[in-house]
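Structures for review follow.
The following pair of complexes shares a single chain, chain A, combined with chain B in the former and chain C in the latter.
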Partner chain A sequence: MSDGALPSEADVRRLLRTVLQLASMEDDSELRREHLDAWDSLKHMEIVFALEDRYGVRFDESEFSALDTSAAITAALHRYLAA
Partner chain B sequence: MNPADLALLRAEWQPRLFNEPNRADLAAWIGEAGGRALRIRVHGNHGFAAVASAMRAYAGWNGFAVDCAHTGYDDTLSLDLAETADAELIWFDTDRLRASGETNVGEWLAKRLRALRSRTTNPIVTLAWPLSKAERDVLERAEIPGSYVADLAPLAAKLGERWLDRRANALSGTRLGNQACLGIARELACCWLPAAALPPRKAVVVDLDGTLYRGVLGEDGPARVALTPAHHALQTRLAAFRAAGILLALVSRNEKADVEALFAARSDFPLRLTDFSAIDISWDDKPRALRNIAERLRIGEDAMVFVDDNPGELAAAASALPVFTVHARDDAAETAAALEHVSGLFRWNHSGEDAIRAVDLRASELRDALGAEAVSDDDYLASLRVQLTVLVGPRTHAARLADLSAKTNQFNLSLARMSEADIAHRLERDPASVVAIRLEDRLSDSGIVSLIVGSRDATTLQVDELCVSCRALGRRLESTMLTAGLLAMANERAPEKVVFTLRKAPRNAPARRWLEQYADVRLDDETSFVEMPFDAVARKPLSPAIRTEVIR
Partner chain C sequence: MQHDVHIAGHAFRLRPVAASDASYLLELRAAGGQFLNRGASTLAEQRAWLDRYFVRDDDYCFIVETADGQRREGLVGLYDIDHDAKAAEWGRWVLAPRSNAAVESALLVYRFAFDMLSLASVRCRTLAGNAKVVAFHDSCGLARISASVTIDHDGTRRAGVEHRLTQRQWPDVRARLDGLAARFAATALRESGRRSR
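Then we have the complex of A and B:
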C-alpha cells in the first residue's frame, strides 16, 4: 500500500514503535534490535509482516535477520520499492 | 476509555478490521478491553504467535482481551494442562502427523480430543489443517461434548496462494502465511472462541434510514430510498440471523405510518416488518427506545447489538446502556462484515429452540392478552392448554442445556454457567442428576425452557443449577414447572431436604424472588444456599390445568 513516495526512516521508526508498543512516538534516534528488549523474535515476525503489509513488499527470507535496525529496514525498503 | 469513546473508536476501526486486514494497522489498536481476559490454552504443533498477536485488536473491538498460554510444540498432542484456562485450542498442522506415518488422521485427532475431554470440561476449539471432508466427518461423528472443529477450508480457498508462505516458517514457526494468520485471528477472536466460551448475543436492533437502505424515508419517500446490492445482502443476512434464532428489532425516528407504507411498498426488501420481534418508531431518544426493546424481547441490554449509521446515536446508546454498537456504513457490505464479526452472534450449533424463538415471542403477546382476561390462574392455564414434559437424563439435549445455562440471567439461581462438557459429564455420572423441562401450549412450542442440575445422597437433594428461560417467564408456571422437575429428580427416593445453591447477580432478582416465596425464606446478599424440607416441595400444589409427563 505504498503511496509512491519512498518511506523515510521516521516513517519506519513510527511503525516500529507502534508494533513494539514503545511509549514515546517522538524520539528520533535510530531503533536497533540489540538495544530493545521488546524486539524479540516474536515481535521481529510482526515487524516483518507489518512492513510487508504497509509497503506492499515481499522480503527475501535470507534478509529477515538483517532487518534489525530502522536504518537497515529503510534501506531495504528503498531497494525493494525502487526495483 | 468511556463507553461512548469506545463506541466511536469501534466505528472508526470497522473498515480497518473487516476489510483486508493489515498487520501494521492492527498493531495500532489502542482500545482497552474492560472485562476479564479470556485465557486459552494452546495445544499445537506449529507456531501460533502470528495468530495470537493479531487477535488483540479483534478481541478488543469486541470488548474483551485474550490471553494465550502456549504449551509448546508437540506433534503427539500430549496435552499439558498445568496452567489454568477458560478454553482449549488445538492448533494442528496435520501434515506433520501424516509425515510421521499416521494414515488415519481423523481417528487420531478424535482420540486425542476424547483424551482432552476426559481431563477438562473447558470448551475445545480445534483448528486443524489440512483436514479432508472425511476426516472432519470422523470428528463430527465422535460427538465429543463441548468440542468444536472450525472449517479452515473457506479461508484457505479465499486466500489461494497467500494461504501458505514458504518463508513464514523461519519467522513464525508455521507455514501459514501472514494473511492466513490474520484471517484465522479474526475468525477465532470474533466468532469461534466467543461462541465456545462467552455469553451469546440474542438480538440485533437496527435503525432504518442509512442502515437498511440508502436514503431518508421522510425526505425521499418509500419508492426512492435505494436498496443497493450491498443493502440487499445485509437485509438477507439479517433474515438469516433471525432464522438462526437471533431476534431482530427495529428502532427508527420516523412516522409509524411512513414505515408501514415503506415495507408495504418495497417488495424488493428481503426483510418484512413482521420479521422484527419488537419495533419502536418514535421521535424519542434511542437509548429509551433500546430499553423498551430489551424489555419487550425479555432480554438483557447487553445481549443486544445496535446498528445505526449515526455515530452520535451509537455513542449516546453506548453511554446509556451496555449495548454493543456497530456503525452502519454507506457501503452496507462493510456493515455486514462488521456484524458478522460481533462476538456472540456466531453459533457452532443451531438447536430447534433457535428456530422457534421469534415465533414463541410473538405468541407471548397473545398470552399476555389472555392473561389479562382470565379470572384465575387455572382458568388462564387451561385456556392455553399447557403441556410440560420433564426429561430426566436428557442425553441428547446437552448442547441446548449448556446454552440455557450460558444465556439465562434473570431466572438463574446460581449462575453456574455449565458448559456442554460439564452437563455431559453429569449425565454420564448420574443421568437423573440432570432434568430438562419442555413447554408447549396451544400458541407455540417453546422447546426446552428449564434446566435443573443436582446431586443427591441419602438425605439431601443438592441443586447446583436451576434456570428458566425468559421466554417461559410471566406465564405463572415457574413453581409448577420446577416442582415437577424436583419431584422427577428425586424419583421414588424422596430425600429429607433440598438445598438450593445461590449466587446474587445484578439481574437474577426474579429467580431470587421466586425462591423467597417458594421456600418461604428471606435472602440477603450473602446467602449462598437455601434449605427446605423435601416434604414442602412434595406438598406444593400443581395446577390441574397443566398436563405433565415425565420421560426417563
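Then we have the complex of A and C:
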C-alpha cells in the first residue's frame, strides 16, 4: 500500500464488489462467499490475485479457501502486512 | 472406458480413473453435497459403477490430482461423444472440499476436448439451483444456450442450465483459464519450496 496504512474491511469490500461486479451501493455488511452466487471458484482466484496485487502480499495456497469473507480477508491482510 | 489419457497442467493433472480409486470416489461423492445424483452408496456399488464405466465407449473419466501425483483432488469426465457432430458433454465434476483445482481441471478437460479430440463444441449441463457452478461457467466465458433444459436428478426432472463452448471460442477461454492456473501454480510452487527448506 502506498500510504502504509492497513486496509479496512470497507477497502476489501470495495475490491470484492469490483471483481464480482456487484452493485456499487455502499453498505456495511460483511460479504460472504457462501451468500454470493457470483463468488464462484474462478472469481475466487481473481479475488485472491487482485488482493495480492493491490496490497503486495503473497498468500499461501493452503489458505486460499479460508479467504471467504470480507472479514477473513481483512484479518489475513493485517497479519501479512503487520509481519 | 479404459483409456490411457494423461493430461498435465501447471499445478494439477488428469489421469485415468482406476479400479483402485473406488473407495476414494465413494468418499469424494459422500462429501459432494446436494447437487450430486445419489449414485453408489457402498463400495460394492461403486466398484460395479466403475466396471460398467470401463466397458462403455466414448466415455472418459479422470482423476484430478496434484501435478506431483501426491494428492487426489476430484473427478471429472467427458462423455456422450457424438463423432458426427464432433460434440460431447463434460461433467461428473466433483472436487474435494476446499480444493483449488476448479479452474485448472476445467481447463484440462477443455484441452482434452479441443486440442486432443479436436471436437467442435463441448456442453455442460448444471442444475439451475447449483448457482455457484452455473456462475463458474459464466465466469469462464461460456455461452448459455437459450433453450430451457431439464436434467434427470435421481429420477426427478429438474430445471437446468446448459453452457456451450465452441472450438472458435476456445482460444479466449483457454487464455483466461491458463493465466489463472499458471499464477496459482506459481503460488503452490512457492509454498512447496518453503516447506522443503
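List of remarks:
Keep this in mind: the second predicted complex is superposed on the first by the 80 of 83 C-alpha atoms of A that agree within 3 Å, B and C clash if a C-alpha of one lies under 4 Å from a C-alpha of the other, contacts with A are read in each partner's own complex, and residues count from 1 in each chain.
Criterion: contacts are C-beta pairs under 8 Å (C-beta built on N, C-alpha and C of every residue); 3 or more make two chains touch, one makes a residue touch a chain.
In this text, all values refer to a predicted model and were calculated from it rather than measured experimentally.
In the superposed model, A:Leu15 makes contact with chain B only, not with chain C.
In the overlay built on the shared chain, the residue A:Asp37 is in contact with chain C alone; chain B does not reach it.
Contacts of A:Arg54 after superposition on the shared chain: chain B is touched, whereas chain C is not. Judged by the touch definition given at the top, the superposed model places A:Asp28 against neither chain B nor chain C. Applying the stated touch rule to the two superposed structures, the overlap between the chain B and chain C interfaces on chain A comprises residues 42, 45-46, 49, 59-61, 64. Only residues 98, 100, 102-103, 131-136, 138-140, 177, 180, 183-184, 187-188, 190-191 of chain C touch chain A when the two sit together in their complex. Across the complex, chain B is touched by residues 1, 15, 18-19, 21, 42, 44-46, 48-54, 59-61, 64 of chain A.
Against chain A, the residues of chain B that register as touching in their complex are 22-25, 27-28, 49-50, 53, 166-167, 170-172, 178.
Interface of chain A with chain C (complex): residues 37-43, 45-46, 49, 58-62, 64-65.
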